[in-house]
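Both of the next two complexes hold chain A, though its partner changes from chain B to chain C.
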Partner chain A sequence: MNIQSLHVPLKKSTPAVDFDVDNALLKIEGESYPENAYLFFQDVLKWLEEFFAQCDRKITFEIKIPYMNTSSTKVFTDIFDMVEDFAGKGGEVLVRWFYEEDDEDSYYNGVELLQELEFPKEMVPYLDE
Partner chain B sequence: MPQTKQPDIFQKEKELIDEMSRIAQQEDFEAQDIHGDFKNLLKQYKRLLRQTEALTKTSDNTQHKLITIQDRLGRYVSPQLKKKILSLKEKVEIQTRRRKLTVFFSDIKDFSTITSHMESEALSELLNRYLDEMTVIIHKWGGTLDKYIGDAIMVFFGDPVFESDAKHAMQCVNMALDMRDRLKELQQGWFSEGYQEPLHCRMGIATGYCTVGNFGTSERMDYTIIGSTVNLAARLEDACDVDDILISHETWGLVRDHTICSHPEALSLKGFTQPQIAYKLLGAKDEDEQKILHLENEELGYSIKLNPNRFSKQDLIELIEKIQL
Partner chain C sequence: MNMFDQLQLQDLYRLVSVNGITFSYKGPITQDILEVVGDSLRDKLSSQAIENKLIRRVFSVFIEDAQNVLKHSYERSETLSEIKPGVGIVGVGRNEDNEFYVFSGNFILRKNEAGLKKQIDYVNSLDPQQLQEYYNQRRKSGTLTEEGSAGLGFIDMARKSGNPLQYRLTPCDDEKTFFEVVITISDRRQEEK
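Here is the complex of A and B:
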């Protein structure tokens, strides 16, 4: 694939982005409440658009966001729509949503965001370190 | 975790999609020129609805979480401080100010010795029950709970909400009296539960100027008070006999018309070069007692206190006749 891996470091209000092209493993982890979510995520969305256009392997998406603001949530709905389009064209994908065990809100946020989308997904509990 | 269906706020939008889907599936629909645009519109509309639905529900979840956090915060700080923290008008920064406060300290006499033979679980339960009961009383009288220090409690009145010096002092003495009464009641319960050593409290109250506000660093702040009034309240508590409440001279000046106190005592307290005048707080006067007439004339040699609600004019005449006899 003619695309480089993408790495964005974790900051106080933005998550770490770790998109590994070689293993087709895309990870987003950390709280997400930037002042302007589209400004932060625009490079991520552009990268994903190119990646989905080129990728012919199984993609695993791992998302671990303990808190996200409404603008970030909107961006994630856009990302999942892109994933659904990819899956609709025959692409193989698995989305794993990590939620803190005993945190119902985090669990239901994942359920709300993923429930009607037509691609394989998993809800994965984790214990807060 | 089970997901239950709630009444749907997007019902109208969903009905429209169902209707559009039905039209798109009609046999002659493919023949129409607009079918491509229509299908695309429908797809985008479905996507938009799904996004709106997800956003609404995740936003509700976040608000629910916020309310839970607020509720939990209220268990760590006083209601006044919680309100101050949650108010966006107040800046969270290292900032202090001078303010006249009434400061309260209490502890359990020889708590460590009394509880030294107890298992840590039983000790925690006893201490938590005591602190829980006392905290209810602190909130009842509008005190700002500064901190628990083991079995000791530090409370102040007059910040973040300021009303009047006299009101703060009166709220504080009423709180102290309530606490003492409640501890006596708890004592009976604990004794019947097998705690043989009674717990005795000591309380000190002082009024005066303090420095109040956020101390610490921008990363870790503590909303508290410092100043000689704080030291005085702590030293009065230390100088107390068991089950007594000592109040400073300035506090006494604010509450004397509404309380019953002992004669003044001059106490030598650590950290104070001059003896400090203090009074034992014996009780609060009830409404009737506040109407007591105090007739006093040193030259003629009489000092009489009369409660007009309990002592009629005829009673007074009879008394005078008895004295003449």
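Here is the complex of A and C:
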């Protein structure tokens, strides 16, 4: 594959992005509330589009976002649409959604984003600190 | 009259106190300011032994509301950079029932008044389940505007609040209207007890 791994460092209002091509392991971790989520995520979306077009292995997403604003929610709706397309074309994928055990909102946010999609997913609880 | 004569700090102090305002900020709302203010809000709530879930809910409504002002306020801050952040007042308080409320006030264009009223009145007319459905429908069918608005802000604030959004529109002149909104966040767990 002629695509490089993608690493974006964690910032106050934007998550760390750690997309590892060799292991097809794509991690997004941290709070996401930029003023304009498309500006922040446009490179990520572009990268994913390319990666999905080339990847012939099982892709694992690990998403641990304790809080996202509505602008980011819209972007994740689009990201999961892309995942659904990839899976629909026979691609193998697993989305692992990490939610904080004592915060039901972070659980329901994941359920809401993933519930009507058909690719395999897992809800994974964790405890903060 | 000089500035000191006009400065009625005691009035300001009284207004903040009687309204139970925990903190408030008035001025240009940039993303940087929002991050700092949001953090100190969370620190303050954490130090009061408030449960994580409620802290996050208050924080989330605060960010959504403040980003509305940042994006949609008619009054823009004159900065040297290309980005002219919206000006307004935002803050958090506790009401007589000790519930948290998030508030904001800013000028909007008077011609946008009717559209805003329609939007909020519609959100307020929905029960929790309808609100959830409307949110999902908008989330899937809507598109982000150039400023990154998903059109989900009021719906999200209403469902996290569990209460109708209280608002007031006060026309100031032919051009401007002052828009105030208060979002009260009920601690649902306490209600269930």
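For the reader, a short list of remarks on this structure follows.
Keep this in mind: the second predicted complex is superposed on the first by the 129 of 129 C-alpha atoms of A that agree within 3 Å, B and C clash if a C-alpha of one lies under 4 Å from a C-alpha of the other, contacts with A are read in each partner's own complex, and residues count from 1 in each chain.
Rule of thumb we're sticking to: a contact is a pair of C-beta atoms (placed from the backbone, for glycine too) under 8 Å apart; a residue touches a chain by one contact, two chains touch by 3 or more.
Keep in mind it's a predicted model, so treat the numbers as computed, not measured.
Taken together in the superposed arrangement on chain A, chain B and chain C clash.
For chain A, the partner with contacts to more residues, out of chain B and chain C, is C. When both complexes are overlaid on chain A, the residue A:A53 reaches neither chain B nor chain C. By the touch criterion defined above, A:I3 lies against neither chain B nor chain C after alignment on the C-alpha atoms of chain A.
Contact with chain B, but none with chain C, is seen for A:V111 once the two complexes are overlaid on the shared chain.
Touch criterion not met for A:L45: it reaches neither chain B nor chain C.
Of the two partner chains placed by the overlay, chain B and chain C both lie in contact with A:K74. Comparing 21-29, 75-83 or 111-119 from chain C against chain B in the aligned model shows that the clashing stretch is 21-29. Common to the chain B-facing and chain C-facing surfaces of chain A are residues 67, 69-70, 73-74, 77, 104-105, 112.
Within the complex, the chain A residues that touch chain B are 67-70, 73-74, 77-78, 81, 104-105, 107-109, 111-113, 115-117. Against chain A, in their complex, chain C makes its touches with residues 31, 34-35, 39, 51-53, 56-57, 59-60, 63-64, 67, 70-71, 136, 139-140, 142, 144, 147-150, 152-153, 156, 160.
Chain A contributes residues 12-13, 33-39, 66-67, 69-71, 73-75, 77, 100, 102-106, 112, 128 to its touches with chain C in the complex.
Contact residues of chain B toward chain A in the complex are 1, 3, 47, 50-51, 53-55, 57-59, 61-62, 64-65.
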